[in-house]
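Chain nomenclature is as follows: A, B, C and D, assigned in order of appearance, with residue numbering initiated at 1 for each chain independently.
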Amino acid sequence: MSGFTPDEMMTVAAARALRDGAVCFVGIGLPSTAANLARRTHAQNLVLVYESGTIGAKPDRLPLSIGDGVLADTAVSVVGVPEIFNYWLQPGRIDVGFLGAAQLDRFGNINTTVVGGDYHHPGVRLPGAGGAPEIAASCREVVVVVRQSRRAFVERVDFVTSFGFGSGPGEREALGLTGAGPRLVITDLGVLRPDPRTCELVLTQVHPGVDPEAVRERTGWDLEIADDLGRTEPPTDRELAVLRELTR
Amino acid sequence: MSGFTPDEMMTVAAARALRDGAVCFVGIGLPSTAANLARRTHAQNLVLVYESGTIGAKPDRLPLSIGDGVLADTAVSVVGVPEIFNYWLQPGRIDVGFLGAAQLDRFGNINTTVVGGDYHHPGVRLPGAGGAPEIAASCREVVVVVRQSRRAFVERVDFVTSFGFGSGPGEREALGLTGAGPRLVITDLGVLRPDPRTCELVLTQVHPGVDPEAVRERTGWDLEIADDLGRTEPPTDRELAVLRELTR
Amino acid sequence: MAAIAPLAEAVAHVVRDGDTVAFEGFTHLIPFAAGHEVIRQGRRDLTLVRMTPDVLYDQLIGAGCARKLVFSWGGNPGVGSLHRFRDAVEHGWPRPLELEEHSHAGMANRYVAAASGLPFAVLRGYTGTDLPAQTANISSVTCPFTGEVLTAVAALRLDAAVVHAQRADRHGNVQLWGITGVQKEAVLAASRSLVTVEEVVDELDPRPGAVVLPSWVVDYVSVAPGGAHPSYAHDYSVRDNDFYQAWDGISRDRDRFAQWLEGVA
Amino acid sequence: MAAIAPLAEAVAHVVRDGDTVAFEGFTHLIPFAAGHEVIRQGRRDLTLVRMTPDVLYDQLIGAGCARKLVFSWGGNPGVGSLHRFRDAVEHGWPRPLELEEHSHAGMANRYVAAASGLPFAVLRGYTGTDLPAQTANISSVTCPFTGEVLTAVAALRLDAAVVHAQRADRHGNVQLWGITGVQKEAVLAASRSLVTVEEVVDELDPRPGAVVLPSWVVDYVSVAPGGAHPSYAHDYSVRDNDFYQAWDGISRDRDRFAQWLEGVA
């Protein structure tokens, strides 16, 4: 087996999180790469839904934007943007929502709005919410894919763009959210899962060659490590070959 | 000029009420016949909108139902039924709504629901509302086409399916209705218009050969006759020829 | 993923006694074959839902399948009354029929709300009419921004939706075109769904104006060529207007209707 | 009836100083040519509206046309930040930019409400997020049937909407296909509208997935072949991804941007 990069491991791990036949709401970038990898490997019947209105797209190359023409050309159905949110996302028809994050906190809340300063005078102005708040709310479960760093993994996000578990257990239910929220956070170092009791993200799995302490060092809160810490299987030859074909 | 029937006169008079370029929400039956006659005579740019979702249909024959395939085949656009009501009718984009009636009262209210008895034990059960309540409310103006009889033209409708002027002046405005309501009632005997002060329907025009007193006899309230009572021009040869070609 | 199954089997799975069920279609693509199978299977106590109940609903009502009708316009399009419907409402034959009555705009928005996973929809509707007094499913709501009072209608959730379409592919993706009505909304508003189709094809090549229902929101697909007759399937068949005319005579008379009903069973 | 007019004339009629204006498009069919004409005409104090403000909005903001931005995702798709947008927000250059920020679902429903002639729309949205605290246009509404509390968003009425489409016919009926986004809603939400098209044809033969805007809801149609570049027009052109990459470098630097801007005028 040839070597692989941490990003490749992250993408492969994200792809593996998608079961065959699932309906997946996909953002551009890593989520789209992972979903398209899954569809070419173990999950041939994965249904890709993009917020641009394409349902069941089967792109023969990686779309370069959320509105790439290849998505419309290969979709089972193309609908308008209001419909994709109102008829397809909102009622809970989507199994898995795939999100990225600029900041993510210990309770799985996501910030893609502003970092530093205050809202009106931000240190860094990020792109904003896009479809994420409702993806995080309405999908049966959410998978977050994000590179691990102290800057990204913070005690408390500066701005809640998309709700994870708020400040802890019971908050999603109290707000009437029907989706289960973040089930997995997949990084370039390992996998975090919410503790079912506390809703706090716990390191449950590390990628090959990764020291769990190194993960703690790249986390902005006192990261808990699961007793039965798992180790990710390295990418198979086939996974790597398909991924590299996709992204070359 | 050959003879013509009262129904032919009614249809021709209704067609003439449509100005060229108007956007017209059309029901099946007499309204559709009249609108298609208008489009073939003086109003070639009349835009026909049917509640089945066809916008700008140019049927080459009379559609036999509101969902006739010829409407979809010849339309500028075919949209779903929710869209036709929400995006096209509701915001007031339609100039003229064309309605029929089983009962019509002196204030232009329309009943197509039940006649006699009470709602739960009706003497006659009619088809119901269809698109009419919102057509009557939201079109810039409404034209009613109905054969004149004491049974149809009543003091007060048994059930208000579609709102005209309620009990008189100011009621439409108080209810927040933006459309002007019934502007014309075209029958097989003549034309009624609401008095601008009282909102009561007044006979303003009789068709050729019709005695105004005969109209009063076929009206279930004490019908007022306008001082400057007009007389409808008989159908032209061309109007009759086109109408008979349409309906044969 | 939709299962492709024979009509009788699919109807048995999808339509159950006591269900709230819509056989939708706006003149076009009315699922007559599926409705007749419901009559054959002797379903009872159905709450029938449709914007434009026409001859198929007259048949289901006359056959005694229905307890209640939720609708906005009940007639024989271009012909006149539905006599079985009227007999049920006016004389309680073969059994009384409870009515819940709306406008088209109200019904369409009730489906939209259900398809959207919302409990209600907002519209400008029913204003000044006697309709709201007859049902609890029409109310009002105040705009939190302008204070304006608007009409609210309750979402119309269905147990089952049955529609007819031109085609499905072998995965059960469904394609319909022409006048597409509220079929998508009805299927998305339902817990269970059945689509009868003219044919199953290898590939759904794109068609102008087509609505596509992905396989994963459809439970059953059944092949029923001509299954919309006497209604029509755009590009497959034309409307049998003679039958709609003939139905007026058949349905006026309880005996003639009984005779027709025997032909279905 | 839409008037078919040269781009400069149409833009002058449709987009005025102080307007609330959307140049809509979801990656596809972005009306760059019309936006550049707005820059040339020196429009000021615009409230720019769009779900996905991208490079065109970076250009309009950098050129000083905008006072405010109403949006849900502002980035260079697949590349990164919008540097002119960030410079305006973070440093007030060339002038401060007021923001009103939503989610995609909220923005889409705000357009739908406006296109429907309603003052607000209902959705399940923004729940638990910090977004509602930043704008008065997100509120709540209680279902009159179930008592459930839902999110309400204010209708997004526009003074002007500008979109790009593949084709129009000589009557001014407009046809667009591929990813159709919220262009129909934007045009229907606006008091004035302009559609730039790749070409005017004698007849709009039906296309799968096409949205058609009837001539009578469009004010101006202007022929602008390639008018979506560096975005694309499905079946006419492909997205110039290299330009989007290059924009990152151009827009990072005020001088390089100023140089680019000279090329527009």
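Note that in this section contacts are C-beta pairs under 8 Å (C-beta built on N, C-alpha and C of every residue); 3 or more make two chains touch, one makes a residue touch a chain.
No experiment lies behind these values; they were computed from the predicted model shown.
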item	value
Partner chains that subunit C and subunit D have in common	A, B
Pair joined by more contacting C-beta pairs (B-C or B-D)	B-C
Farthest-lying chain, centroid of Cα atoms versus that of subunit A	B
Centroid spacing, where centroids are CA-atom means, of subunit A and subunit B in whole angstrom	57
Centre-to-centre distance between subunit D and subunit A (centres being mean Cα positions), rounded to whole Å	28
Rounded Å distance, subunit B centre to subunit D centre (Cα mean)	40
Where subunit C touches two or more other chains, by residue	117-118, 123-124, 148, 184-185, 209, 211
Multi-chain contact sites of subunit B, meaning residues that touch two or more partners	86, 90, 138
Overall pattern in which the protein chains touch one another (line/ring/star/complete/other)	other
All pairs of touching chains, each written as two labels joined by a dash	A-C, A-D, B-C, B-D, C-D
Subunit B partner contacts - residues on subunit D that touch it in the complex	1, 112, 115-118, 173, 184-185, 188, 204, 211-217
Residue ranges of subunit D in contact with subunit C within the complex	117-124, 136-137, 139-146, 148, 150, 152, 154, 206-210
Subunit A residues touching subunit C - in the complex, by the definition given at the top	21, 23, 45, 47, 55-56, 76-77, 86-87, 90-93
Of subunit D, residues touching subunit A in the complex	25-28, 51-52, 71-75, 77-78, 81-82, 85-86, 89-90, 101-105, 108-109, 111-112, 123-131, 134, 148-149, 178-182, 184-185, 209, 211, 232, 234, 238-239, 241
Contacting residues of subunit A [partner subunit D, same complex]	28-29, 51-54, 64-69, 71-72, 78, 80-82, 85-86, 89-90, 113, 119, 122-134, 137-138, 159-163, 166, 171-172, 175-177
